[in-house]
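Every chain is named by a letter (A, B, C and D) in the order it is written, and numbering of its residues begins at 1.
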Amino acid sequence: MSESVSESMKRTWKDECGVVGVWNNEHASRLSYLSLYAIQHRGQESAGIVTVDASGEHRVQKGLGLVQEVFDDVSLDRLSGRAAIGHVRYSTTGVNQMANAQPMQANLFNGPVAVAHNGNIVNANEIKKRLKEDGAIFHATSDTEVILHLIARHHSSNLVDCLQAGLEELDGAYSLTVLSHQSLIAARDPYGFRPLVLGTLKNGDGEKSWIVASETCAFDLIGAQFVREIEPGEIWWVDASGEHSIKMKKKRERASCIFEHVYFARPDSIVFGQSVYGVRKEAGRQLAEQDEKEGFLKDVDLVIPVPDSGVPSALGYSVQSGKPFELGIIRNHYIGRTFIQPHQALWRED
Amino acid sequence: MSESVSESMKRTWKDECGVVGVWNNEHASRLSYLSLYAIQHRGQESAGIVTVDASGEHRVQKGLGLVQEVFDDVSLDRLSGRAAIGHVRYSTTGVNQMANAQPMQANLFNGPVAVAHNGNIVNANEIKKRLKEDGAIFHATSDTEVILHLIARHHSSNLVDCLQAGLEELDGAYSLTVLSHQSLIAARDPYGFRPLVLGTLKNGDGEKSWIVASETCAFDLIGAQFVREIEPGEIWWVDASGEHSIKMKKKRERASCIFEHVYFARPDSIVFGQSVYGVRKEAGRQLAEQDEKEGFLKDVDLVIPVPDSGVPSALGYSVQSGKPFELGIIRNHYIGRTFIQPHQALWRED
Amino acid sequence: MSESVSESMKRTWKDECGVVGVWNNEHASRLSYLSLYAIQHRGQESAGIVTVDASGEHRVQKGLGLVQEVFDDVSLDRLSGRAAIGHVRYSTTGVNQMANAQPMQANLFNGPVAVAHNGNIVNANEIKKRLKEDGAIFHATSDTEVILHLIARHHSSNLVDCLQAGLEELDGAYSLTVLSHQSLIAARDPYGFRPLVLGTLKNGDGEKSWIVASETCAFDLIGAQFVREIEPGEIWWVDASGEHSIKMKKKRERASCIFEHVYFARPDSIVFGQSVYGVRKEAGRQLAEQDEKEGFLKDVDLVIPVPDSGVPSALGYSVQSGKPFELGIIRNHYIGRTFIQPHQALWRED
Amino acid sequence: MSESVSESMKRTWKDECGVVGVWNNEHASRLSYLSLYAIQHRGQESAGIVTVDASGEHRVQKGLGLVQEVFDDVSLDRLSGRAAIGHVRYSTTGVNQMANAQPMQANLFNGPVAVAHNGNIVNANEIKKRLKEDGAIFHATSDTEVILHLIARHHSSNLVDCLQAGLEELDGAYSLTVLSHQSLIAARDPYGFRPLVLGTLKNGDGEKSWIVASETCAFDLIGAQFVREIEPGEIWWVDASGEHSIKMKKKRERASCIFEHVYFARPDSIVFGQSVYGVRKEAGRQLAEQDEKEGFLKDVDLVIPVPDSGVPSALGYSVQSGKPFELGIIRNHYIGRTFIQPHQALWRED
């Protein structure tokens, strides 16, 4: 599996995303919007929300850009209903950005199903090939469509059965939220490669609303309570009869993506059961400890972080080593959003 | 079949569209753009073009709005390749406009296939139901997706065989252009319900380019020569080995949509082998003849057309009856594009 | 003056515009919007509306594009107040389009003043030069700014006095609507070169609202009653004390722009006291009469109009000559709005 | 003057801006773009650039939003010429944002003049009143227009004389860049209230280009060398004959805005001759020193900055006090850009 994981790691950089889900709240679309907004750092290419309206139909709004560019009050009103899932997608190159925007939504024999996915299916291409030979058509290049096809091809009236049967075929990383006309589902691969957390919120009627998100910082923004992680290999769902959970047959030993703690996640999130800020600081502390052992500290004058994700580690290093912490690199918070680079401006006619 | 036809007629109003196809021209995307522009009157909701680039991959650009709003020089350059199909869609209500934008494109076991469709498949829902039970997933509500699924489920390496097998299952109206990495296909239902014409153009290399379009006015704009109608029940295609044609097994007696001559088509087009302008004028002439027989003419003072489609008929009536032709109704060419109506402005606070 | 008029005619092509004004109506911004919409054919480059809100301040909304692109319900609500003027500007080339968008609005010693102008001031450059030497600054290239400066430099607390003093200095063509915090003014040059008409409408409170517009077709759309032309050389205004009118000292013999009847105006408008449709038809009739005299008719087989403005003339010619009227040229109502021309598409790489 | 300064301070919050200027560089528009981009933190409401093209005419591009939203390669190419000034404006409420976008540009008796202004003219309203009574018209509400009028009303063929005469009348804060068809001017009020710095860059021809900017971080991005501050009360300019400098008659004792060091400026800029980062850190150090004296330190457990501007001060406090520095508040770099707030989402229907 090491090969797959490393493969998975390679693709990580272009497939980082964030997912959310909301159940039993009159403000489902707005809570999804705010949750996506809190995890905007996980993806800026596209954003999308799907809700189930009063008639059991799905309502979809997807677009390229930041959540505040894709949605406004009018579209959030149109996204009526008490259940929703949402997705933010990491910026990638390629012309098919819109076709790959999530959540991906389709009408199946047992009704509409929408899937929001964060991860990489290592054996996606083999499965795609098999499905195509069996007459499946693919509109996009993302792995998410594979999951929809697998659900569609298992003939049970029980969506969770269909989903589980499909997921058992997958190898790799996935943290999913799935929405039908009857239930909200959250599922996580047996490695627990990507984060996925469960929370609750008291809704307007005093009842309990359920919130699922990639990171706990989404709960903080909307005032939801963090309950627990969705377990590796767990399929959790909530429907009219309450919440339920099963474990997938396939077992793997935990292999969480270290880049979540190092880079992707927000420092104020709890990821894989630990504070991201704490983990980063401890990493810096340990590095200082090691440098001390190896006699490198004498050459250290200052500890300068690369902002913003490097700040806690540099802080930990500074505390442990006693070397002064200074901000030597200033981040322009607009950087990366300019369409010309300095050298272009100067070299353009050369 | 009368039931289906009338059903088909009913749905006509929301499914009127225009299709084009180009083969063997370095300007395939621009010729598609201009052809769509010439038949813009057939659909203003969305526009799309798919090309096959040098590597055999499809390039897709679709959007809501008029062709000049959806495409610009940058997108037409990106749509590289010597073969293309295009589509304009009639304005409809509903939230799924973007998902229904055509051409619809998918990756099948034997490569990428794109379909642009004008018409109504009368038995689409039965077929959809059967396909879903067989594990198919539908992203949109348009009939076009059904055609893609039918192609995908016939296991021949020959796309035309797959298409024919699929079309034989359909009942209703369709005029199609289909693009793979190897061929451009044009097909028309056995009724010949919607128009579809074939033309040629000398390309930059002095070779022959093939053009397919809903109406001949597209040929006039790009300087192409009208060759002939695609016959009812004909599947025509062109590939590396030249042009080919077969007839479908299913036979029907011709039942062309009268609304093409009355309303949809542009008066300078030749549709169903006749000049639209001529047919409209003759209809007016015959109406006058009849009114004369029935003694109504004495009550006629003026002949005033409802612009623009009514002008030729009123002219024919005037010539036959000798009654003066006057323009009594002026069309604001911006009408229908304002977001408030006069009464709203005045009644708003009432 | 013939030199100036011909000069004026030359510049006409780039300075054709439309103006409106509304007084004493709770829907002032929406009536302005609809009136501009009815005269959209007079200018598609930019549109603007200025209102006087409850506090006596001006509210301004201007933008490039069609009226329905520049305004929406939100902006029309923001344009509160019971008095307004509006403007549509003809498409021109040049980079200063936004700076030249009208109405032009400024704060003067006696309060805010906005001017919407249709015409050409023949001696604008001499006056500009003089004003600049006197310390005036110009932000745009349009003549309208000159009018604002002339108003600003006449020190009377009476805006009409200031305006009249300014207009007496001007030579050339102007049809204006002017809005202050206290009055709506309509003024027309002594030649009566451009049209300007006055109408009334019963407002929600049963009181009389006043409407000024370039063409009567604006009245038809909003259900206003045509009262009369604003006379050549007349300055008409309405304020809290009712309506008033004065004549300018400068007298000229009437010299109306023939292009209004030939081309600019909508055929269902009454311009310079005559139906545009009637004038066009009569022009065709007279041409036939002349051709008959000169023996040309024997060579005439058909009468084919260049749509749309040529249709009435061709009709008149046909009636007079007895030669058959046919539509030989079909207008694509989207034409002129495409960013590439057919030859470009074909010649592009040549 | 203390009253005016405090008044000035109050208004500071809504009038914070950034200015730049470029002389003698073929990439004048791109260098301006990049310099504005580096000081984007000084204003996000609107951005603008004015250049002098080969014919001596001004070219203007202004718009609402961030520099990368207002400009693209096409507009930067259109902004041809070897000299330019630019401006970014701080976000304000109000409907006149576009009219107040800078640089403000006008045609005066001695040619086109553009002004980019950062500051507050304390006696702007008195001067405006006087100018209006003298026939001046004002299109916007910003003080910058006052400066243009004052330049326009001093009749010298020497722009610097006109500018100086105007500035001598002003009281308050201004850091300006001014562009004519012949020179680039930089001027700063006698208090030196707002920053303004001078730099040089070797251009493509190996000649010297001059750069003026609000902060040195603009120089760092484009690789320019920091030369010196523009002195309080200095008018510096460069033209065909080289660089020049004069001092204004009016003298004031230096009164720089402390908020530049506390909040506005970027920590990696040198402002008023000192490193912003260093000043912030020292402020924190001194606060700790004082708390120590006053015996407050015993109650301090942690030092937590309010990001981002508070980080250096907290660092200084931590170093001086020996209390641990921790990041307790995480900034969402998208915050402030969402159109709904959490409470709205939840309370909306309440």
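The rule we apply is simple: a contact is a pair of C-beta atoms (placed from the backbone, for glycine too) under 8 Å apart; a residue touches a chain by one contact, two chains touch by 3 or more.
Source: prediction; values computed, not measured.
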Centroid comparison with chain A (C-alpha atoms), farthest chain: C
Centroid distance [mean C-alpha coordinates] between chain D and chain A, Å: 40
Just the number, please: Cα centre separation of chain B and chain D in whole Å. 57
Which positions in chain D touch two or more other chains at once? none
Which pairs of chains touch each other in this structure? A-B, A-D, B-C, C-D
Over in the complex, which chain B residues touch chain C? Could you list them? 26-27, 30-31, 33-34, 37-38, 40-41, 66-68, 72-73, 76, 204, 217, 221-223, 266-268, 277, 308, 311-312, 315, 319, 324-327, 330, 332-334, 337-340, 342, 344-346, 348-350
Once bound in the complex, which stretches of chain B touch chain A? 59-60, 78, 95-96, 99, 105-109, 129, 132-139, 148-149, 152-153, 155
